[in-house]
Amino acid sequence: MSAAQSLSTLARFRTPEQVRARWAWYAGRGILYALAALGAILFMGPFLFAISGSLKSAAEMHVFPPPLLPAQPAFGNYARLFDIPGVYFAKWYLNSIIITCASVLGTVVSACAAAYGFSRFRWRLRDFFFIVLLSTLVLPEEVVIIPKFLMFHYVPQALFGHTWIDTWWPLIVPSWFGGGAFSVFLMRQFFLQIPRDLDEAAIIDGANSWQILRHILLPLAQPALATVAIFSFLTHWNDFFHPLIYLSTVESFPLSVGLRWFQQAANDPSEPRDHLLMAASMLMVLPCVLIFFTMQRYFVRGIVMSGIKG
Amino acid sequence: MPTVTRRRFVIGICLAAAIPVLQACRQAPPPAAQPATSTTPQATAVSGTTGASSTASAATAAPVVSTGVELQVATRGGTDGDIMENSVVTFLAQTGIKFKHVSYGPEPDYWSKVQALHATGQVADVVWASTGNLHNFANRGILAELDSLIVADKYDLSDYVPAGLQSMSLNGKLYGMPWGGHPGNGGLLYNVDLLNAAGFNVTEDPDSLQNWTYDTLRDAATKTTTTKDGRADVFGYSPGTDFLSLNNVLGAYGARFMTPDGKNLAMDTPEFMAAMSWVRDIFMSKTSPAPGADATATGNTNNELFGGGRLATLQTQYAGMFTPGEKVIQGKFKWNVGLQPKGPAGKRGTALTINGMTIAASSKHKSEAWQFVKWLMEPENQVPIILAGGSRPALRTKVLNNSRLMAELKAHKVFAKALLEAEPWQMPANFRWPEFNSTVIQVFGGVWAGTQTLQQALPEAKKKLQDVIDKPAID
Amino acid sequence: MHRRGGLSPRAREEIAGWLWTSPWLLGFLLFFFGPMVASLYLSFTKYAIGGTPQVIGLDNFVRALSGKDDLFWPSMGRTVEYAFVMVPIGIGLSLLAATLLNQGLKGTAVFRTLFFLPSLTPVVAAAVIWRWLYQPDFGAINWLLWQLGVDEGPRWLTTPDLALPSLMLIALWASVGGGAMVIFLAGLQSVPRELHDAAAIDGANAWQRFRNVTLPLITPTIFFNLVIGIIAALKVFALAVLATQGGPNYATWFFNLHLYNNAFQFFEMGYASALAWIFFLLVVSLTLLNVRWSRNWVHYEGEERA
């Protein structure tokens, strides 16, 4: 017999313990798969119901037992959303996109600048302000919202002659001034991990700080930039609190407040709405899912690299 | 995924930066709503009046037309906004006074906005204000009193419903004109076919319900509820759980939440207990869909159920809103809107709720503003809007007894009578009606859910409601 | 090297550092520090927008803490109850999910995505969807119960005792598979394989390995998630506004909702500012307590990271 054949012959003679261990291992794996599947069902279940609801007719939404699948998928529901008088769905969608993109841009730009300042330079009070930065993570927005509301009302009034309340400025402007502690923190951690040799080489060549940032750090920081952009996108797309406080003209709502308005106070009280609300929710989730799918690998890598875990 | 090169990054920045800048230019103007772009039936209805007989009021008024002055009228937007957009156009054509409609957004943000703008002297000249907050604002000097304008114009108030004017007054001074009113949540939507099948003889004429009592309604609710597999298939009746809805039931039983002066609660009476128990029984007997927040993702389940023929009766507001509307029902069954039934006290618990038109105290063009408000109150300008389902009638007999409304609006005649007989608006003495309303909705939550009896919930409820009444007036 | 303007490289570095950080600094002053000082001032006044602030000393704080505002302590209690039930459960489940995903199952990437999706959902959309799921007459949850033989499913969001747990479930759904889980994953993956192998050779089974090897090494991660998680949970607001409006019978009347109502519905901005500051002090104290307590159980490998 060849070596291989004798080995396989030997393999057939397993001890009972080995067989039992094998089965235990399979069973264990099976349980794990079952758990994972259960988790997947629990997490995705509500979405599935929502999708099925979004394709039902109004009457089917109020039937018991609720049919799992609509008799005839009403794709028209999605189109109908854009057509309801008093519900400016398309406008809300566009508003969300504009506000979010402007905020994301501001966050990325100013977080980079601040992180650069915190990581690559020594200056007095740097560490003090870094602690301050971290402590703003702890700050509940509610503490400052009233004065911010008043500030956004009275200051532009004095400076420009009209209030900023009920405009998008209060939503966009703050992200251009640092973009939030989390983003700065993430970028700073990332910058810290880029070796200084490259910087020093550039300085010898006569580069100033802007050039170092632009030519050396930023190209290397793309994963972190992507991560900051994703986090920022999700934060601003989902923001409900701030537009709620600052905006009151219905056409200027982003999707978050618009959807709530559609839910509670829409123009035409007779329009059956439950199925449309499901469709609207799905449309609202869609960009988040798309962004996540395309940027997935940056996302996890970014968190790992920030060193948050330890 | 394409690589994010430096160049694409920069181009992206420029493009993305351009958009908010462009958008900002559009957003920059002071809080003015983008004009409503949807064409609605109201448009054709109101423009029909332009050619109609010239309004007597416009002729008799000697409009003080300031050249080039543009005044502002503020509403909540939505249907009210659409109406106003068309009204200002017609008004300009008839009088030459230019108004611009601005939307301050839906409630409750509407109220914050009015206050914020008042603080900076920029609030509109004519301001929509419902009884919910009108007195609060009047008390704080945000609204102008109208008596001097009325006297100077020699305007005749004789055909106005006294309760309507009283509801718009504070300390004897009038602060708003009762532009649209309804008798609290005093309407009863009913499905003729379902009721007939259950043995109740009703027709599409709301007079056929005129003699119903709350016992009849209870009976009808029970008999029209059908079950399938142990679950309700068709529901009988859905009561409201907010102040206006409950107040209607209370009034019919001869009870109220508070004393007429609004300083104390009046919840200890047996009539109060009887009325609230009636509502509780409805929820407990499962003839009603779930109350309040559960009602659906929208809070609109009741309308949707009724429109689908699965709810026999429903407490609602003024008929002119025609919820859920013929366009949903599309002739599948016969229906109409009547009044809520009479109680053991032999009367209906109607109490006025009024949408008023007021003039801001800071307005620099009060006489022009008054011309507009006056114009809005004229029957010729009211009737087409009401017929198109856009509004409720003004509290004046000329409008309430208008022959066109009587003829063309299925349920108007019973509502006109109800409005003429309704008690005036009721609220706490410190004008904190919205707070009182939201407290009412909260404190009886356990009662409707069945986890508490009325007796159990009452002490805590009374304490919380009395706290609201005891607070000082907002100033 | 050039010498521009006679500045030393050291001075240039100092200036550059300040310059680059200036947008953030400016933002901090304008949007954090300034407003915080302003809100502290306002908390000592009586102020309804449209009027002028009148200083009334400590009245707002007295009103809140003494129970004169009879929703203060209940809403505080509700919020703390919510946070202290939800966060441990949430972290435990997140850890469980992360461990599950760390087992090298086939399709882990797919599972990870599916787990993560709910956390991407805007809270508005989640509230709308879940309100419909909870609908007692037509919703999916009571339908499932009906399949299992329960004829009359409870009225989830309008029964005072059930409303809070129902909201917690929504919040758990939206957070268990989210950022916390990913952070745990990163932490788990950084546990060196050799330690596991060594323990396995010594005869430790899976549970023992987890308890004695993995767990101590991920305590920093647990700590981080705990701090962030408690702060986030205490701030709960949107869910209550969207799903239950604070009811029924104040069952979900959270502290931030109370604050919002006082500021923007009842127009008492001075009082609301006082509430905000009390809340801030609570959050800071809890965080400090957390940090202090963490010394007992958090085990850092090597030097403490910033």
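As written, the chains take the letters A, B and C, and residue 1 is the first residue of each chain.
Here, a residue touches a chain if its C-beta (ideal position, glycine included) is under 8 Å from a C-beta of that chain, and two chains touch if they have at least 3 such contacts.
Fair warning: this is a prediction, and the values are worked out from it, not measured in the lab.
S.K.: In contact with subunit A and with subunit C at once: which chains are those? Just list them.
M.R.: Of all the chains present, those in contact with both subunit A and subunit C are B.
S.K.: By the contact definition above, name the pair with the higher C-beta contact count: A-B or B-C.
M.R.: Counting C-beta pairs in contact for A-B and B-C gives the edge to A-B.
S.K.: In angstrom, rounded to a whole number, how far apart do the mean CA points of subunit A and subunit C lie?
M.R.: 15
S.K.: Could you please state the distance in Å, as a whole number, between where the Cα atoms of subunit B are centred and where those of subunit C are centred?
M.R.: From the centre of subunit B to the centre of subunit C is 39 Å.
S.K.: I need the residues of subunit B touching at least two other chains; which ones are they?
M.R.: Each of 109, 112, 116, 231, 296-297, 301 in subunit B touches at least two other chains.
S.K.: Specify, in ascending order, the residues of subunit C that touch 2 or more different other chains.
M.R.: In subunit C, residues 49, 128-129, 132, 137-138, 146, 264 touch at least two other chains, as defined above.
S.K.: If I count partner chains per residue in subunit A, which residues reach a count of at least 2?
M.R.: Only 61-62, 64, 263, 274, 277-278 qualify.
S.K.: Applying the document's contact rule, which stretches of subunit B touch subunit C when the two form their complex?
M.R.: 108-109, 112, 115-116, 118-119, 140, 142, 230-232, 289-294, 296-297, 301, 432, 434-435, 438, 441-446, 448-451, 457, 463-464, 467, 474-475
S.K.: Of all residues in subunit A, which touch subunit C in the complex?
M.R.: So the residues of subunit A in touch with subunit C come to 28-29, 32-33, 35-36, 39-40, 42-47, 49-50, 53, 61-66, 110-111, 113-114, 116-118, 120-124, 126, 129-130, 132-133, 136-148, 150-151, 174, 176-179, 184, 203-204, 206, 209, 234, 237-238, 240-241, 245, 255-257, 259-260, 263, 274, 277-278, 280-282, 284-285, 288-289, 292-293, 296, 299-300, 303-304, 307-310.
S.K.: Along subunit A, where are the residues that touch subunit B in the complex?
M.R.: 58-59, 61-62, 64, 85-86, 98, 101-102, 105, 109, 153-154, 157, 162-163, 165-169, 172, 214, 218-219, 222, 225-226, 247-252, 261, 263-265, 267-274, 277-278, 294-295
S.K.: Can you name the residues of subunit C that touch subunit B in the complex?
M.R.: Its residues touching subunit B are 48-51, 70, 128-129, 131-132, 134-138, 146, 151-152, 155-161, 243-251, 253, 261, 264-268.
S.K.: Residue numbers of subunit B touching subunit A in their complex, please.
M.R.: Residue list for subunit B touching subunit A: 1, 4, 6, 13, 16-17, 19-20, 23-24, 27-31, 33-34, 38, 40, 77-79, 103-107, 109-110, 112-113, 116, 120, 122, 228, 231, 233, 296-301, 303-305, 307-308, 310, 321-325, 327-328.
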